[in-house]
Amino acid sequence: MNGNIYHNRKAQWAIYLAAFAALALLPIFFDSPFTLNLLARYCVFALLAVSVSLVWGYAGILSLGQAIAFGLAAYGMAMTMQMQYQDPVSDPIPSFMLTNELETLPLVWAPFWSTPIGLILTFGVPTVFFIVFGILMFQARVAGVFVAIMTLAMTAAWYSMAYDMQPFTAGFNGISPPLPFQIFGTEVDPYSAGAYWVCVAFLAVLTLGAKFLMQTKFGLIVQAIRDDAERARFLGYNVAYYQVVVFALSGFLAASAGFCWVLIVQYVSPTSLEIVFSISIVIWAAVGGRTSLLGAIIGAFLVNGMQSFVGDELQQVWMLILGAIFIGVVLFLPRGLAGFFELVLGLFSGRREPQKSDWNTGRTSAVTKESAE
Amino acid sequence: MKVSRRTLLKGAISGATVAAVGAPHFFIPNPAFAAPWIEKGGKIKVGVLFSQTGNLAVVENDSTQVVLYAIDEINANGGVAGMQVEPVVVDAKSDIKVYSEKISQLILRDRVISTFGGYTSASRRAVAPIVMARDHLFYYPTCYEGRECTQNIINTGPLANQHSQDLIPFMVENFGPKVYLIGSNYIWPKESNKNAKVWLERVGGEVVGEDYVPLGGSEFTPIFNKVRQQQPSFIFSTVVGDSDIALHKQYLQEGFKVDKMPIASLTTGEIETRAMGAEAGAGHFLSAPYFQTMENPTNQRFVEGYLASKYGGGGVTHYNMEETYLSVYVWKHGVEKALATAGDIEEVTPRMIRDVSGNIEVGDDISPEGRVWIDPDNFNIWLKPKIGQCQSDGQFKVIKAADEHVGPDPMSIYPERGVCKADGLHQPDGTVKTSVL
Amino acid sequence: MSLLELKDVTKVYNDYVAVENFNFSVTDGELRCLLGPNGAGKTTCIDLITGRQRLTSGAILFAGDDICRLPEQSIARLGIGRKFQVPAIFKELTVEDNLEVAFSRKKDPFANMMTLHRSYGQKRYDEIVELVGLKDRLSSQAGLLSHGETQWLEIGMVLMQDPRLLLMDEPTAGMTEQETMKTSEIFNSLKGSHTLVVVEHDMSFVREIADIITVMHMGTMLAEGTLEEIGNDPRVKEVYLGSEGLG
Amino acid sequence: MSVNDFWTPFALLPFLNALIIGISLISIWLIAALGLTIIYGTMGVINMAHGEFIMLGAYSTYVLQTLIGIPFLLCLPLSFLILAAIGWVIERGVIRTLYRRPLDTLLATWGLSLILVQGVRLIFGGEPQYVGVPSWLNFQIQADFIHLSGLRLFIIVMAIVMVAVTWFLLYRTTLGICVRAVMQDKEMAASFGIDANRIYSLTFCYGAGLAGVAGSMFGALKTLFPDMGGGYIVEAFLVVVVGGVQLAGSVLSASLLGELNSIFSYFTNDTFARFVLFTLVVVFLRIRPQGLLAEKMTRR
């Protein structure tokens, strides 16, 4: 692989830095608050795609539960902002609670009076949940398809929960804090360049952090576990431990996305915990290339950008096109656009690396090996 | 303050480039555009924000069509204040995230003066933050639970208190005092049921059961199991959408008799009865301000005109469409009144339209349901609720219409919260709170 | 002194007895061959030693300590390396990275998060690369190696662990004659410095490397001794009668 | 919200009735999951478009009944054939290239479901459609605490028939032996001259056909709209996985989940019942990832 510049680490870092610099400079060209806000939304989606790329592309854990971390953080942030609006004396509880006969603020809401504690919970609760859920799954050596289905079921459970616990969550209507987020005596207007930069900063720092991590020995071992967990185990690695750490990291990334989302949208509802949304995130990562963090970002920007612009033009056939793109990517570009670039750059360097992508089959290939032998 | 904040960020994020652009705003809003919302000699732009694709499109597509129909009608009759109206139609794709994206496009990029949109409370709440932050004006043209007191939303559908006032006494009188409440599991049905309970108490009725199904849920057997145990005199339904159709179909299959225990619904309109099949709908009751079969010249003109137009492909008119149709005329009168106040069309702002909209009236000559007007305090609509019974052709026969207009009261069951006035919620302690969501 | 000792080891699946009252011990520095027809319980034994399966009764001692309750990774860290019957390598990684993962002494995820360096150039690392003959293939993707190379890579990975005991499950399966020869050279060079247990079918290979052979049959010990003793054992002959025999 | 509003107190007769209703829920869960069990079990294909197959079955019944005028009972086998044909095309076009990549089939069939939903919406419009229930099913069984509508009874009977037919095909015919052989070991089966690809095609067709029959009945019971499939897919998958991806397991797990759902919704409400159920399933899968009935999986 020496010849292919795609695998050159210096080149990779250069491209990553250039991409984030370009994102940070975009407000120069797009001064419109609408465009900035839209781009900030894409950054949030990109961050979600990065979290999937990390957990699926690098660690081989297909999590359909990223929406859980996103949604929990989004609820945490919305609750923080809602309580900033409430007044302890004259208006101590959000008005939707009245529908449900609540007369005092429920216990789960009380900590959100304090913005710092609210923020800690916003990031902490989803991460801790992912640690616990991860321990639950990986200690039992759940793998492959079963991870997908368990995370799917868990997402459905949380959706029902957010939906049903109306005294605490306002149910389907969701929570829309009337005022933007206040911090350090400033109001973060969702349509300002500042809010955009907050999102870009989260995306850049977390992506670069993940990128660095995947280049350390930790990242190497995580990828080794993806290829053959049992082999890694017999080399002395505690596979479940590694998987829980990666899973929790991806949860933290998704939680950060949830935080940014409510910052720039000022609204959360159970749709943030929907299965459809959760699978969409995986699709963005798949389109861009799950084994490349930058690829995942590009995938998220591309699909959502097309949805915003092409989707309006082609309205009725748009979903047909979207479906066809997904099928096409899965069939012909299993490593997404990033894999395509890898192939093209490989051609330029004179050596073509064959595409192998059967690692995600896990058990199936193990069985085949055995019977072939 | 501003400078120091800027300097800080400059170092942290993007260096000298910021200075190069002179980007003036970081965490604070863009200063308001100096440009007027409506330019002389141009067209008046309004936003139309409904879902044209996805599962909400069933209802909201009709809403889009009827807004366009009303705008065409207005333009053909000389426009608003002599200016043509230009609708900016966007598609929210039945996705709550897209509602919030599209409203910001309409307000910030397209700079429409007002927006018509939404069918679900969730979408209204998703657009509310920016509508309020930018002091915009949003017309929410359908049934609504109340309990909000904002300064930027005008509602032209019935509030929960307007629904129950006639329906509950009528049902109790004709079928008996015991009622079983079935609703979709979200806030509007719950608020509506609370209002219903208030009226039940007044007429001596009694709730024998209350159940909620998930949105989109279609399994009613467990609930009908309880209904059979309780033997209510009638069912009060606030089940919406697809679930509503499943409710009626399964009611029939379970062998309930419509003359013994009918369903009194706030939602089952002409679209739903068509989709559930004639035998499932017939005999049940609906409370609404409008039915397609209403007999008056204005409605005749509306039904014929709409169905014959290029927008009338759906084949029916129903209460939600009519309320949407009204909202466009409420807006038209609002702009004209604001112009009279401001003197110059370029001076007119969304908030100005809202502030003058109190007491605006849509008369018999335009409103298919008859004269309605906007409440000057809470900016909901005064209307005459009517009760219709579904016939075997899926159309409704109006069997009772209120004699007097019924006023909207968003805080009807929360008097302790205060009173909603034009400038905000007047709380019991004397303070006024704006933007109460 | 025996490095590994199996005492009355029994493994029962549902109704099927895979290993029954099996006693077995290996001394430090020895190369032991484990023979037996299919289903004799050889691989099950290796699974039991490495913790992949739990024994029904009995005890397994490694350097005097009971290890049969430990999880796989702890057993591996004590110094037991294992090569699988079906080669198990990290297909998507390069050969170099495969060896790196095996070589790493640090097993804790958080400690590894701070480590960027690679081990290439360290004496022991380079020696093993040399030994298994993969020096020219270091930058290749492991999934693209030939079958023989894959086997050597896995042997190399197990050696990188620097274990006190190596368990080799059919290391020459699927190899050409030349490759088998080269493998036996590797094994012979390991003799003395390492303790090895080799499960094999290929008698020519066993002849090349074996000191003492243990023969299993139906989950029990059938015979133990030198190549010559085993070859003359009537019970062994009987078991192998009809198959190719022990020649 | 007071506790009393949330929890329905226990009473014997309604509770017994809830158990009876559970049987009706079981039949629906089972019918929805049956095709999926066959497809996933035999081919390892995670068919996220299964809900859309059910939806297509419902729409084909709608077309046959409303537009052509074919009686309801005859619509069932016809829906089976139509969906089997659609399944065949999809298997050839998309699924075939994805064997051995189960996670990729998940994504591809997800894309497929988008296409199917939007396609139906384009053709039939988004508004709910209507499948009539034949008049001979308009009866109720009523005795003591038992109460069952004719259509429910019919669906329960059909569930039993569909399971019986599938069982017969799998365990009493040569074709079934081939299917099971391929299920256990594709290479081995191939060496006995079984054309695995053909078996896969047939299996997929059969699974899709079952979804078609399911759709016909759900259309009559509930509402037809393009998104209706999404409401079945998660439950169906849970039934399959909890059951251990085999016929008997699915019957058992559908029974368990259906009854539990009915009991939970009796005590609380339907939404909360779903939450409890899903969480239970996750915990169950952690303890027994191989499902209710399957043997513990052997690893390499």
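Residue numbering begins at 1 within each chain, and the chains themselves are lettered A, B, C and D in the order written.
Here is the rule we use: contacts are C-beta pairs under 8 Å (C-beta built on N, C-alpha and C of every residue); 3 or more make two chains touch, one makes a residue touch a chain.
All values reported here derive from a predicted model rather than from experimental measurement.
*Asks:* Tally the contacting C-beta pairs at the B-D interface and at the A-D interface, and name the larger one.
*Replies:* The comparison resolves to A-D.
*Asks:* Find the chain most remote from subunit B, comparing centres computed as mean CA coordinates.
*Replies:* It is C whose centre lies farthest from that of subunit B.
*Asks:* Please work out the Cα centroid separation of subunit B and subunit D, and write it as a whole number of Å.
*Replies:* Distance between chain centres, rounded to whole Å: 38 Å.
*Asks:* Between subunit C and subunit D, what distance separates the C-alpha centroids? Give it in angstrom.
*Replies:* 47
*Asks:* Please work out the Cα centroid separation of subunit A and subunit D, and write it as a whole number of Å.
*Replies:* Each chain's C-alpha centroid was found; their separation is 31 Å.
*Asks:* Using mean C-alpha positions as chain centres, tell me how far subunit B is from subunit C in Å, no decimals.
*Replies:* Here the centre of subunit C sits 73 Å away from the centre of subunit B.
*Asks:* Going by the contact rule already set, what residues in subunit D reach two or more other chains?
*Replies:* Residues 118, 121, 269, 271, 274, 299-300 of subunit D each touch two or more of the other chains.
*Asks:* Could you list which residues of subunit B touch at least two other chains?
*Replies:* Touching at least two other chains: 53, 185, 214.
*Asks:* Which subunit A residues sit where two or more other chains touch them?
*Replies:* Subunit A, residues with two or more chain partners: 100, 160, 163-164, 230, 316, 319, 366, 369-370.
*Asks:* Looking at the complex, which residues from subunit B come into contact with subunit D?
*Replies:* Residue list for subunit B touching subunit D: 53-55, 57-58, 61, 185, 210-214, 216-219, 221-222, 225-226, 228-229, 242-243, 245-246, 249-250, 252-255, 271-272, 274-277, 314.
*Asks:* Sort out for me which residues of subunit B touch subunit A in the complex.
*Replies:* Listed in rising order, the residues of subunit B that touch subunit A are 5, 9, 13-14, 17, 20-21, 23, 25-30, 52-53, 90-91, 93, 95-97, 100-101, 104-105, 107-109, 120-122, 125-126, 128-130, 132-133, 145, 147-148, 185-187, 190-191, 194, 214-215, 414, 417, 427, 429, 431, 433, 435-437.
*Asks:* Going by the contact rule set out above, which residues of subunit A touch subunit C in the complex?
*Replies:* 1-2, 213, 215-218, 220-221, 223-224, 226-228, 230-239, 241-242, 245, 353-354, 356, 359, 366, 369-370, 373
*Asks:* Which bits of subunit D are touching subunit B when the two form their complex?
*Replies:* Interface residues on subunit D, with respect to subunit B: 5, 8, 13-14, 17-18, 21, 24-25, 28, 118, 121, 126-130, 132-133, 137-140, 142, 147, 149-152, 221-223, 225-228, 231, 262, 265-266, 269-271, 274.
*Asks:* Can you tell me which positions in subunit C touch subunit A when the two form their complex?
*Replies:* For this pair, the touching residues of subunit C are 50, 52, 71-73, 76-77, 81-82, 84-86, 88-94, 97-98, 100-102, 104, 106-107, 109-110, 112-116, 139-141, 143-144, 157, 161, 173-174.
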